[in-house]
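Chains here go by letter, A, B, C and D, matching the order in which they are written, and residues are numbered from 1 within each.
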């Protein structure tokens, strides 16, 4: 159990996205980052004759972990929401989970950790794709994305 | 649901820690990092008259998020396990969750997000403290921590 | 002085980008992430009456730091290079440095740390824009970006 | 050139450490994180017969990058400074740069990227060790570390 949903529910201003969906995406990203970090490490402990063909998979794992971690953080912030920035990082995470999911899927038959990691990547990619069309400017000044979100003026 | 437990179970070498406990700690760290990132942001959206007294809390949130994220990654790796390095980062995370838990607890009565975040920090701090004594050199060469873990020699 | 250029020069395979340019972009990203982390913190120590109008700036600082850090890591990896993934994260960093540069620029007259941070963001945004058109699939199999990079086959 | 020194000089409150020294440590940490990320990737592109003996080095590189990145962020924040937390993360970074420096040094003769990365680790370890004794509670209330730093009270 994570605290993601509770943190959304206790945010002191409006959030222009369904809490259930957003909470699911953030948790999927965090879990995918962990799976990718663990999969890179599991690959490193495979027998010597397996390592060379896992080099690209390890690299994709590392990129995917970094990009998903950044995306989870961006989606956890709502103050001064800028739809353009959020969309750009979500798009990067869609590509990273696609690339890494493909790499891991190539090794799913031989390596159980790659099979589990591929599943996490696919699930996260889908969750991100479902969220993407909902990332739109919101509230007053929605035509100026950057100024459309809860923020304070004295 | 996360994939942490499955990733531990599919690791291709021995892990010298109980999977259930390690999985719980990693998940607590990831969730705490998210709660801290979200709490820092929630603080930023509080009314103007509340912000100054939340400045230190925001700072502690940010440190705790960074340190817990690093600790979760270190604990997700098992290849070439070095007990000294793992312990040092776990100790840093114990201090960070203590400091941030204390900061958030000061504001729990006024801000629900601080109450939830403090709970996540306390839970993670306890999980880390339970794990710490089990982080010992393992396997052959255990007296040389760095060389005690699954790693490959040609 | 950083070791970025030396690390590029000692990479054991070909890198399909000019080392000088790539090294400059990676260093700009790392420095921008640091400036944004420091600027968020400096904002938190401004007088109480300034804090509310800095809330969005702090948020943009935090996003920009996370995204630039991820981009620097992705650009520091060359094994199994996938142009699509690299481009997506570079595009996210261009947007993040634009958004954060704009936010900080609004406060440059009042806060020196915002002026310095805006300069770092603008410089990094420009370096990323100059790099973007050069991020193309490379080598054999360039039409399949993912398989175009140095990687090993047994 | 980084903006670290300028960000320290424009911080709107007192910082209880010499700016030159602190700036040098933060820059060393950022540079070391980059070198470690690059070294892990360079190892992955080494010939197949070299990979197995580099597995532990890659793991140490990844830990060191994560821990140095977190330490650089913590040292870039001064609001509500808590000497205990900062020291704990600096100690973790000392151990990580020691462990990774040792790992890379084992391969310095065969791999230039390991030689450069070891140099970065050693330099950063020394800079951190020089800083550690200066991380003391400061200002009013110094006996209560957490409350000793610039922070705002209404």
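The working rule: a residue touches a chain if its C-beta (ideal position, glycine included) is under 8 Å from a C-beta of that chain, and two chains touch if they have at least 3 such contacts.
By chain, with names taken from UniProt: A, B, C, D = Four-helix bundle copper-binding protein.
Since this is a predicted model, take the numbers as computed values, not measurements.
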With chain centres defined as mean CA positions, report which chain is farthest from chain C.
B
Of A-D and C-D, the pair joined by more C-beta contact pairs is C-D
Between the Cα centroids of chain C and chain D the separation in whole angstrom comes to 19
Chain-centre distance (mean CA atoms) for chain A and chain D, in whole Å, is 27
Per-residue overlap in chain A, given as positions that touch at least 2 other chains:
41, 44-45, 48, 52, 55, 58-59, 62, 69, 73, 77, 79-80, 151-152, 154
Using the touch definition up top, name the residues of chain B that touch chain D in the complex.
49, 52-53, 55-60, 62-63, 66-67, 69-70, 73-74, 77, 79-80, 82, 84-85, 88-89, 91-92, 94-96, 99, 102-103, 146, 149, 151-154
Enumerate the contact residues on chain B facing chain A in the complex.
1-4, 6-8, 10-13, 26-27, 30-35, 37-39, 41-42, 44-48, 65, 69, 72-73, 76-80, 111-113, 115-117, 119-120, 150-152, 154
Contact residues on chain A for chain D in the complex?
40-41, 44-45, 48, 51-52, 55, 58-59, 62
